[in-house]
Structures are given as C-alpha cells and as structure tokens.
C-alpha cells in the first residue's frame, strides 16, 4: 500500500436507538468520505469505540467495511485491546475481509515495561498477517504507554517487516519530527491531533487521522491546501475555525459529543455506549446554535 | 452470601507450555485453597489475567471453577474489561455456572467522568444478575479510576441492591476505613494489599484478597491469628517475612514472577501471556535460593 | 538525640491579622505541646508554611523556637526549599539557635534524577552541621520525589553519619516497613499520615509527625495507648474519630482550614499566606458545628 | 513596552569554578545576544537557575543585568518561587534596576486550586509594580500547574492591567492558539518549546523564549526567516538540525548539559548548582564531537 496522504477519518461505529450496531450506515460513511476527499478510514479506534464492542461485533464491522469501502477509501482496522489472542484472530479476519491494514494500541492494563517489549508485542500481532501494512497507534493519554516513538521505529525496523507507520496522537512534536526524519521518511507518519493540524503539517505530517475529519473534512482540506500554497495567514485563519469547533466539542462533553456532530450533518450514528456519556437533546440544540455562529454548516462535510 | 472473612486468593489462570488454558489444573488450585485455609477465589482478576483471555476462554474458566470449587471455597468472577455487553453476557454465564459472585473494574480505556457515572456503569452490570453478590474491584494504579470509595458506597447503596463490597487495592487507608465504618460495617471490605496486610487489619479489614495467598497462605493466616490474639510483636515479625517475600517478587519481575512461585511450590501454572514478561530459568533458580534464605519453604502453602 | 517516640506536632507559623509573623504566639504553642503530651515540634514544614516565609522570617522563627521550646519539646527545623545555599545558611543558624535537628525535602523544582543523587544532595546539607541529627522529609505528593526510602537508607547510611531518620508522609506501607526493619530499627521512622496512625503503628511506627497533633493530641495519645494495651477494638473506634475529623478538614479546604481548628481551640495563629486559601467566617462556623457533633471539643488539645 | 518579536534567550546565570556568581560575565552574554539578533533576556527562569539562587544573589543578578542590557536587549526577570513576599520585594528591585518586565511561575509547592486562584496570586505580584509589563510563565511539567491558559487570559484581562503575555512552555497547541487569538492578538505569546519552534510559528507565535537561543540563535533566526519567506521545505530542514542538537542536549544530561554548550562556544558560565547534575569532562568531549558532526559550529551563536 502506498503511504496515506491527506485526511483519514476515524469512523464512528453506527448504532441504532437501542445501542446495537447499525451496520447499514457504514455505506453512507464510506460515501461521505469519498465525497469529501477523505482518503482513508481508521476503523474501531477511540472514535469507533473498538474497546466497547464485543469480539463478534468487531468481526461484523470488519465484514461490512470490507464491502463498503470502495476503491478510493483505504480501510485500516484497529484491533487492540488487551488480549493478544483476540487481536491475532481479528487480524486474520481483517485480511479475509479485504481490508487494507491493521493497527494496535499499546496494551493498556498490563503495560510493556520498555519500548523493546512493546515492539515484541506488536510483532506478535503483525506477524500474523505479514502481507498487511501494520500501524502502531500511539495515544499515551489513554493507554499510559508513554514511549518515545523515534526509539520504537529504530527497534521495530528490523523486527516488523510490515510496519507501515504510526498514528501519532500526542503533542511531542520533537519526537514526531524525529520519526518523520527516520530513514529519510521511510514510515507513514499520521498526525492525530486535529486541533493542531497546521502545527503537524509544519512538523512534516503528510497524512492525518482524526474524528473531526468525519464532519469537517472540507475545512481541513482547505488548511492543507493553504499550507501547500504557502498562504500561511489563510491557513492560520482556517485553523482558528477548527480550534473553535473543537472547543465546542470539548464544551459539550468531548468524545461522546462527537456523534452529536454527525446527527447535525444528517448522518445519524446513534450514541456512544457507556461508560462514555452522551449529551442531552437540550445540549445538542445549544451546540447547534453555537456551531451556526462559527460557520460550521458552511465548512462541514456534505452528504 | 455471608461476608467473606479471612484470606481470598486471586487464582492464577493455569496455562500449558504453549500458553493455552490448562483447565484441569483448576481442581488442584481449589484443593490447595481448602488445604491452606483460603476461603475464596477471586477469579480472572489481575493475577488471573482476565484481560489477556478471550471471551470464550473466560467462559471455559468459569465453567471449570463452577465444578471445582467445592463447598468450602467461594468463587467470585472478575468480568471487567472495557466492553459492557461482554460483561453482561459473562455475568449471566457466571450465574449459570453456579459461581458465588461477580466483580468488575473501573472501565480503563474510556473512564467514567465522575463517581456517579461509575456507579451507573456498575449498575448496568449488577442488574443483569440481581440475585448475585456484586463486588467493585478498586485498583486505580492499573485502571486510572482514582475515585473515593466512601463516596462510591454512599451513591451505590440505593442504586445497586446486590452490592456486596469492594476489593480494595490501594493504600488510601483513610478512605478504606471510612468504607468500613459505612452503615456500621454494612459492606464486605476486602483488603487487597498483601504487603501491608497487618496495616489493613488495623484499619478494620475482615477479609483480604491477594495473589500471594496462593502460595503463602499459612504465613498470612499466622499474621491474622497473631493480630486476633493481640500479639502485635509477633504479627509484625511475620509481616516482615511477607515484606521480604514480596520484595523478591518485585525483584524478579513483579506480576509475571508470580507464576514462578507456583512452580516452586509444585503447582505449575505455566507463564503469563504477553505483554507480561516472565523470568528466565536462571532467574527462577536465583529466586529459589533467595526464597530459601528467608524461610519461604517453611511458611508457603502446601499441596 | 534519642529517637523521638510518640507525637510530634508540625506547628503552624503564627501570623497576625495582616499576615505578618506573630512570633510571640510561639511560646503558647510550646506550652500547648507540653500540656498535651506532644514530644516534638517539626517546624516550618508544610503545616508551618516554610516555603511561604522569607529567608529572614525563617531565621526569626528559628530564634524564637530556640528560646521557647523548653526542656520537654524537641525542635526540628525544616530548611528545604530549592536553594542549597540558603539551606546551608539556615542549618548553621539552626545550630546557633540551639535547635535539636534539621530536615529537608526533596528539591521540588529541579529534582534529583535518582535516589543516589538525592542522597548526595542531602549530604551537602547534613554535612554543614555534622553534630545535628538530620531527618529526610518524604512527601512525594507535594515534591514529586517518588523515591523508595528503603533504598535511600541503604545508600545514605555510609554517606550521612548524622542521618537520624525519615518523616514519612506517604502510604507505601511496605516501603515504610522495610525502613523500620533496616539494621534492626537503626533509624527513627516518623509516620506522617495522621488519618492512618493506627495502620502506621501496625507497621512499626514509634513516632508520628502531623498537623492534627496540634489540636487533637489527646485523641491520638489515646489511640497509641489503646494500641500499646492491645485493645484494638478501642483503638479502631478512636481512629474513626480521627478519620471523621480529618474528613471535615478536607471538606473545609484542606491545608488552609488547619488554622481554623487552632482558632476553635483558642490559640489563634491567623491564616495561611497565599496561594493557600482560607475558609470564610461562615465556613468556620459551620465547621465548628460539625466538630461539635463528632465530639471534637472533648478530645481536642487543651490550652 | 512593545511586544517582543523574534528570539528571547533565557540566560544562564554565570558561575565561577566554586559555584559562586560570576557577575562580570553578564556583559558578555548581553553582547552575545546583540551580535546574534536576540531581542530579549528572560532572566533567572529554569535555565537561569532562579530557584537555586539566594534572595540576595537574585538582587545582584538584577542589578548587573540592569547595567549590562544596553538599548537593544529587553530584560525580563523571573521572580517566582513559592514565597509571595520575596516576589514582591524582588519586583520592586527589578523596577529600581531599570529592568523591562517581570514574570512569575505557578507556585509549585502549595498550588492554587483553580485558575481563578492563580490569577489572584499573580495579581498580588503584578500590582506591586503596576507600570511594569507582567508575564506569566507557564511550564506545567515543572510546576504541576496544569491550567488552561486561554481561561487564564479571560480571567486575568480585567484583574491584571499590566499583564503583557505568557511564556508558554508546553505543547498544548490548541490552547496556545486560542491564547494567540484572544482579543485579536492582544497578548504577547512567547513560544517556549525550542525543539518545535516551527510548529509554534505555525500556531502563530511571534516571539520565542528558550535556552538554546543562547548558543544557536543563528540557526533559529534562519528558521524564522525561511518561515516568513514561505520556504517551508528549508524551514523544516533547518528545524531538523535543531531537533538533532536538542537530542544531544538530552543525551548528555538535559538541563545541566546546557552550560557545556556555552563552554563549547567560548563563553564559560561554569556549571549548574545541585541538584542539577553536570556532565563529566569526558562527556563534554564526546558532546563536542557529536556536535561537530551535525554542523553545530557553523550555525551556533558567535561571540
């Protein structure tokens, strides 16, 4: 697979009113991405509630994405977790469903004691499907796995032949930059901090993975375009809109409020499962008003 | 179920040389407990590698314990995890297998935002099996769920009728004490810090859950007895042996070294699964020598 | 100096209405301690606002305590801090004022990188006054110096001849116990967690340092007495009163509320300096009512 | 004072071989800044060892900088600490010495409980010298003061009329960006993460404060110039040199190794005081060789 460049959305896992999977909505997500210039889907990560789905549900989500993704959207599946054996089984299923790559988190109950142990663990998963690109998903604020990724690459290079890159959700820009520089840009470094996309671009990010690319891809594509055109004043102005939008996401509850944004652009994906809290209807209405004020409905993703 | 008093072991999950379940060893564990005065088994917690087992494996472990436990050992099953739906399915299976109680952790990827949210989440599991005692497993160093348990009890009392108590693995003695005092000792407070059992007893613990009660129950029973007999000098002397033994556990790798102790008392349970590291054979031999020096083989559990 | 046994109060630094030193109140504090069986004063620690006093003010407080302490109360002075040079100058002044010992914290802006570095740093202070007992003040929750104290003793033993012991304000009971055991109890281990005094006694504490021993010494002396008499039920009952009292301290603002307790027993020491917040008059009145309910005015220190 | 734009160095405090102040070297530092296009000095911050100097020494450093700074370099003095009273006295002395501004940290032993308390505390210092620009120094990794700065500005705007800006040493780019946007850029936001200067520029930083601007200002000025010229490829290439250089700083001990860099450019400032460790002579030589390899002596500051 070629390096992913541009925006990769972390899809919400669509649910119905009872909190059960609404698999039929996955087609609509894939079409939304195509229409809005999103080149990939990072499935069942934090946004996709991987940790809140049963093993069987994850298999169903995989199968559906394998059929829905089409030719333009690359589908990476996040398998992690704490149970190696289930990760290995899911990796095989990802391959069988025709997905384009897999990813795992740092195990987050028992944690590896060193970056070398982390590499060993990743290898046990990656080796299951040697023909598939493997991405490490670095999000230490949720996993507690505060390992330097530049060191990870140096150790993993020989151990994991199918290592493709890192989804990097942390703000250690020096470490990110060092990863980008590694072997003249050998690995696909995907920036995972939407609210600082512009700073990520300045640190060399070629692609970016995030939840807000579901519903505000046009805004971010404009940031990338302005950056490529060296119109930094415009890029900064656009980034301010992203900062304001994400400020509202935080104000209305963070992770759980993300699905409210999807309702507002017209692609209802239900709500998050517990323990993630969801906003009330009142809050959704208030959010809508505040989003109008910042011009969200002009720059949001269009169905 | 009556309150658990005395020692409750957190059983290792027996594995074979390939890292697969060795279910037949569970009988031997139950007999070991009976013989050494251990009154309960807290199954598939941290020691039991619950998070490293597949959903299907947890069901098999449950079934086996349901048959093996016999009349003297109470069996509590730790279901948590991060996926509510799997917890609910496992709770029903625990009931069907004739186990004596269930327990969950604070969800540890997405975390409840407040102690009230934590209570709500626990209720969703506890209500599945209203006839079974429900224990909350408090281990903030692994889950990040740093909530005051005295407040948890105050909120949960009305919400969770089958709340039985807390397995308390933290050293906030004031909070533990306040829980013990709550409604004149309504809840079964199980102390979960083996290396400080004596201090737990001084803070009112009636029962204690731990991994070292698998292989050193006689030592701890002596501590309890000395404490009950008000022979505090003797209790402190014995506690020193526990501190030395646990110092060796830490020295040889912590969690992963626990199964080495089982090999040394003659009940081989294999090794932990990754990402938990296991000691080398050399280390096991060195550990054995150091254990001999502190008299371990005199005070350890006997088959 | 002999080992300190029993209660050591951490005196509040008396202030007047403008927030300036009220040195004349120090005599009253010393008399309060004598009358209530408190054997030592740990001056200018957290309770004594050492970090909020100017260099010159610390010198004045020292001078006054040197004169006020009398024959029954031992006076230890807490010099730390982040500036080694000021610590050394203060150590010499402590000696000149006739105080009985000195103490420092782990430097808390720049921190030592290892426990060996911490020992080196302590030595630079302790060597200034080789004839004075030196105590290390372990309070990692405020300093960030999370070093194992058993290791500290092992390294410091040869380096710091005048090392006398540790004021241990943390709940790592295993580490505390190991320190107590070190060289058969060579060092004076002072337990610094008032709300868990009984558990500290069970872990071998001979002495205890705390802020609540200013105003509730009789209660704690009763706990110690019950423990020595092996009346553990009574000791636990008394400890419950301490837990309730400290629960109120936390409820009314923590550190800053401590001086409200002093007003209520009739020895007004003013308020803490910023950034520590002080309770309002309304809060003090509410606190008084709640203290009455738990019998505080029966077990508090008497002037 | 006008907004500081461009590079502001955090000067090392020069010491002699015995670890005493070498005040005469301060002139050389000021001349070094002039020659290398550094527009300001942020004195006695982390790099300047403010917390390791005595009160009296800080006064002497102030006096000397007041005379040495000349017309082109603005001098800001970092007063904090933990003792409000000393900060106020130092603020008055800063004014009397003709310095250009003052700054404090979040108090880092007792910490404010909320951002509102932090603002109140800052006001108590800033009001002492109402005619001087006041900067808040945000470095939560050292102080533990993890407060959102966008909220700080919103609250401080009315309370602290002489608030000039923030020295922002953290990588919360969204928060930094929101501060920059506040009231259309009312406040002087100084980026404090040298290793990510380019990302800071992309987030709108106009000025930057750092320790490596002492010895590598020409490199950073080139980054700024390339950024202003929209030559982002060149800017990124130059930033890589900064990342490599700072990688060496970390490799040879971090903070304490900074003074080795000064020796290598020929302006010996001695070593840091304990508890900060200093590299050995061997390490300095090894560092020199590695710096040669990355071209340091071409892009470093010139005397």
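Odds and ends about this structure:
Residue numbering begins at 1 within each chain, and the chains themselves are lettered A, B, C and D in the order written.
By our rule, a residue touches a chain if its C-beta (ideal position, glycine included) is under 8 Å from a C-beta of that chain, and two chains touch if they have at least 3 such contacts.
Because the structure is a prediction, the values reported are computed rather than measured.
Interface of chain A with chain D: the two copies contact each other largely through the same residue positions, with over half of all numbers used appearing on both sides. Of all chains, the one whose mean C-alpha position sits at the greatest distance from that of chain A is C.
One simple way to say how far apart two chains are is to compare their mean CA positions; for chain B and chain D this gives 50 Å. We define each chain's centre as the mean of its Cα atoms; on that basis chain C and chain D are separated by 36 Å. If you sketch which chains touch which, the chains form one closed loop in which each chain touches exactly two neighbours. Contacting chain pairs (ordered by label): A-B, A-D, B-C, C-D. Residues of chain D touching chain C in their complex: 46, 51-55, 57, 82-86, 89, 107-113, 117-118, 120-121, 124, 142-144, 255, 273-277.
Contact residues of chain C toward chain B in the complex are 171-174, 177-178, 181, 193, 195-196, 198-204, 227, 230, 232, 235-236, 239-240, 243, 246-247.
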